[in-house]
Each structure stands twice: as structure tokens, then as C-alpha cells.
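A, B, C, D, E and F label the chains in the order they appear, each numbered from 1.
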């Protein structure tokens, strides 16, 4: 069972980002959406964890949610791919199940 | 759980196929504390209904979700309804796979003696493996 | 591919309703089937036809109704969650129907993927 | 002493409505004055008279209405927050009134303490 | 902010006393990110109304609240309304005391160049002192 | 201005407990309510922070919210006082203002 994990909460306020990274199996995909996109911004305290995670997981971030929050694509950590809603749908279709870390 | 909304589902017959002829691994993941928000209560209502569909149901308590099955809940003085006894009824609905995160339990100073139902305690690696094989993951 | 969608929070209050709507629209545009959108918890508030957001803001209830109208998307509101929150037939927007939680489980069984949006 | 209360979340969904109600009741029992209870954000959903919780659960809307009836507590629902969420006069429970945000600021100025309950 | 709900308050006359003859220190504390939830937007509507009452208003952005005043917000592609320009209008309503937590800003990899309004950056000790002297604290 | 601070979120899930402790001035009062009461339970990871805080702040916990969550008063960390709703009202009256850390 390959999984797409989604995280929609700020890693500074909630624990869902950490819990997701702890439990996502090697090779699965993590998509950051809504306030979850802040985890992917370079220069912040979460950047190291993203870099570490991207060595064993595929990490994606939802572009429209980044743009909403004033974060240009060039502020995203290396190793993270930006997708749009269509890309979100594709990821959900390509994996066997979606686990939303609410 | 309630007496003027939906009736609780009848205990399902013990056959191997549900009405759709498909049995999937359904997993309910509870990560939120009870009473502060309604998620624990309404998630439990969901699990009860799911039981009537004869799927392969697992229920996971992790992070603050482990507080949902703390014994001795008494919310009456705070004006709220005590729904904790319903966890004990899950077994009667053939929902018997209840799992607790070891790390979440320990971080909060809890032991298995604190829980009002029998659960299997899984460490992070075992819990990750369990989650990985689920086909439908319902979170709230 | 067949998708089911679960929406756990009310419109405006959380972005989850927007995300669910954008995902559903994108899936339809890619030719996927939406088996059902199920509204639970405060998600039932998406179906309140009295909602009147500022005219320069989006109207999520109207957006969902339009999806039902144009694509025949099945929008189901949980009866127990709706009763508790005062979402009754009198104020139910077009394209939504109120039914039991069993419809969510069925949506999980019948669809290839269930995607949950919440808090 | 004069208290004003601000309620930011809907009933059932968050305990904050319960906490606000219990605080208000305890303050009245101690002989304090409640200048106003103001409902903002999803707090406006406390005023929905269609809410029908299971009969073995508490009914917060009815509880608030009773406080207004018995103690003359001023229950004010923010008009802008209510419009956005579809909380209209048609479904407004007894004892509540819909008014502007200015009523909250006034509550903060006039009361000795403003106590906020939210998420 | 909206055109069919309440009209924005008129810019208040520049007198020293409000209609109640009392001026209190009102502080709006913003700790939540915009768009993920509605708190930032509706809190801002509250601050605009407050301005009409001629109180001594401060607005604090701390924790994820610092994201509220990030420049270049473009929520249209996500289907949402861009309300960020309204922060720039605060000055016209005589709301000029805007404070940002230094630690919150730095933890998130932000600098003052990232903000769409002029703010005063306060470290934890200075912010604590500012909060301590407030008479009405409104949080959301 | 003496303050009563309230915290209503679990310290394991949200940052409001930490932020409150960082910013509450010496001598002010902190009342844990709703899911915030978990911070006061002995034996958990937050116990040390409560002990540290109670050296410079007065720390209270709302009894009905503890009981709701199955936590007997004897599980509360030393230095923390249990109050009921009437006690909450008294604390709000005794201090000059209430800051709810939402």
C-alpha cells in the first residue's frame, strides 16, 4: 500500500507535521497544503526537518496555498516539488490511499 | 450515543461479506483529546456505524487521542455528556482492534492501567507498519 | 478513477472546505468520477443556504450547489451532525441531501480513494 | 463587578461555549453583573434555534436563552459574522439579538473585565 | 472589508475622548496564520471597528500571527479573498501601534522586509512588558 | 496591571501553553482550563515546566475540566491549585485583566 500523506497545519503551532514524518513509511509521499505549506519555507526552523525527510520521502507543496501566503516558489526548500490542485489529484490517484494528518 | 438522532446500528451478522461484497481495511485515527472539541465523540459515532458494514475496522489512539480512552471521565460537572462508556461497547459491535501509541501514552504519563478498554500498545515502528497497510484512513 | 471526499469543517472558518472544493473541481476536470462528497462535523454548515458572505468573497455553498447541478455530484450531509448543529431541511441549499453516516462508509467502500479535508 | 464575555466558537464543536456559559452562570451566582455576552466568529452558531442536540446531551442554545430570560443577560450576535455563516433572524433563538461589532468594543470599555473564550 | 455587511467605520474625529469618556488600552493579539482559518480576517474587521471608538489600540503579531502581514499574498488561485491590503489601511484609522515578536519572526525565517506594513519588532521581554500594561486583551 | 492568563489547549498539540509561560510576567496567575488541564498532570513531559513556572507564577487548574478528563486531583503536579468555576470568577475579579491565550 503506497500512501499519500497530507499535512494542513503549521508545524510551528501543531504536531501533525512531526507525527506525519514519524509515521510515513520510506518511499511514501507527503503533500503540504493550507497552513502546512509553511513547513517547506527555507530559512525557518523546519527547513532541516524537510531536508532530512526528503531523503527518504517524496515531499510536495501545494502552489496555490504557498502563493496565498505570499511565499514565492523560490523560497521553498530544495528537494520539495510544487504542485497545483491537478497535481494533488494525480498524487491521490497514483498512491493506493490518502492519509490526511488532521 | 444519542436517542433522537440515528439509532445505533444493530450488531451485524457474522458473515464474511458485507452488502457490497467488498471488505476493506478501514482505520480510524484519533489524535485529539475528548471534550475540548467534539471530534472524539463524533468519531466514535462514525466507528459504531462502520461496524454495521462488516469491514475490517481498526481504531488507533495516538498523540492526544490516547486521552479519549482514559478511565474515570466525569464531564457532568462541566455540563457535558459522558460518552466514554461507549468505547466499552465497541467489542459488542465486533470492533476489537484497538491500538495505542506507546510513545504518546508515555509522554503523557499514562500507562495501560489508565485505559477503560483493552488495547494493544504499539511502538512507532509497529504503528507505522499498521497504518501503512490500511486501505481507507479516516481522520478527524 | 472514483473519488469520495469527506469535509469536516465549516466554510470560511477553515480553509478545508475550499481545499475540498478545489480538489473536487480539479478531479472532475481531469475526467475522474466523484462518487460522493460527505459533510460531517461542522462540515454540515457548508449546506446552509442562508449563508451570505460579503459579495467580494467566495460563496462556498453556492459553489457546491453548482457542482451538483453541473456534474451531478452527490452532496450528502450527515443527519446526526446536522441535527446537533441546527442544519435542517428548511435551510438546506439546493443539491444537498441529508442522510445517515452509513453513506460515508459506503463512500469509503465504493470509491477507489477517500480524501479527507478537516482541521 | 461588571463582566463582559466574548464567545468565539460554536456549541458542541468546541468546549469554549460550555466554559463561557459556566463562567457566566457562576459570576451571576456570585452576585456579579454580566454587562454583555458577545458572540463572534463561529460563536454566532450558539444562537441557532434549530439546533437539536441528542436529548441526553446539553442544549447550549436553550441554556443561553434561559440566562437571558431569568437574569436579563444581553446576548449579542455579530451581524457580519452571522451573515457570513447564515445565522439570520428567522432562526435566531429567543433572548439573542443581532447587532454590530461596536457592541463588543463597548462591552470592553464599559465592563471591568472582558473574558474571552475560544479555540 | 465587505460591501454588503457592515460598512467600514468612518475615520473618527481627532478628539481625545470617546463617546463613553473612557480611553482604555485595547490590545489585539494575533497568533494564527491567515487563510488556513478565518481568525486573521475577522480579527482585522474587529480592529477596524475598534478604531471608531477612539481607544488606545495596539495590535500584536506573534507566533503564526506574524504570517498575517507577509507581503505578496495572492489567495485568488486558492479561491479565497485577498484581505491583506486592509492592514495598510489601519494607519488611516489611527491604528499605528503594530508590534511583531522578534523570536516568532526569526523562527519562521522572516525579516522586516517581508512585511507589508511598518511594524515595531519587540523581543520577548519587551513584548511581555507591553502585554502586561494592556487593560483589554482580545485574542482569537 | 496584574493579569490572569488562561490556557485552554493541550500543551502536546499546540504552542499556547509555551507562549503563555514565556510572556506571563512574574507574579501573574495562570489558569489551565479545557484541554489545557493536561499540562498540570504529574508524570508527563510537561510536569517539569509546570514546576518551574510555579516558582514565579501562581498556577491554577479548573477542577471540573480535570474531572471531565478522568484526572483525579491527586494526579496534579505539586504547586498547582485546583479551583471550580466560582474560583475562576474570583481569579478574574482579583486581577486587573484576563488574557486568554487562544
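Here is the rule we go by: a residue touches a chain if its C-beta (ideal position, glycine included) is under 8 Å from a C-beta of that chain, and two chains touch if they have at least 3 such contacts.
Everything numeric in this text was worked out from a predicted model, so none of it was measured.
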Worksheet item: Hey, how far apart are chain D and chain E in touch steps, shortest way?
Response: 1
Worksheet item: Looking at C-alpha means, what's the farthest chain from chain A?
Response: D
Worksheet item: Where the centre means the average of the CA atoms, what chain is farthest from chain C?
Response: F
Practice prompt. Averaging only over C-alpha atoms, locate the centres of chain B and chain E and give their separation in whole Å.
Written response: 41
Discussion item. As a quick test, compute the distance in whole Å between the mean CA positions of chain E and chain F.
Written reply: 27
Response to the item:
dist(centroid_CA(chain A), centroid_CA(chain F)) in Å evaluates to 34
Item to complete: Quick one: which residues in chain B touch 2 or more of the other chains?
Response: 2, 4-5, 35-38, 63, 78, 80, 136-137, 139-140
Worksheet item: Where in chain A do residues touch two or more other chains at once?
Response: 8, 12-13, 15, 34-35, 64-65, 97-98, 100, 102
Worksheet item: So which bits of chain C are touching at least two other chains?
Response: 8, 12-13, 15, 19, 22, 41, 52, 54, 57, 83-84, 114, 116, 118
Worksheet entry | Chain pairs that touch, as defined at the top of this document | A-B, A-C, A-E, A-F, B-C, B-D, B-F, C-D, C-E, D-E, D-F, E-F
Worksheet entry | Parts of chain C lying in touch with chain B, wherever the complex brings them together | 6, 8, 40-41, 79-81, 83-84, 100-102, 104-106, 108-110, 114, 116, 118
Worksheet, complete the sentence: The answer for chain F against chain A in the complex is residues 12-15
Discussion item. Residue numbers of chain D touching chain B in their complex, please.
Written reply: 12-15, 18-19, 21-22, 52, 54-58
Fill in: Residue ranges of chain B touching chain F (in the complex, touch as defined)
32-37, 63-64, 67, 70-75, 77-78, 80, 84, 107-110, 114
Practice prompt. Spell out the residues on chain C that touch chain A in their complex, using ranges where they run on.
Written response: 1, 3, 8, 15-16, 19, 22-23, 25-27, 29-30, 32, 112-119
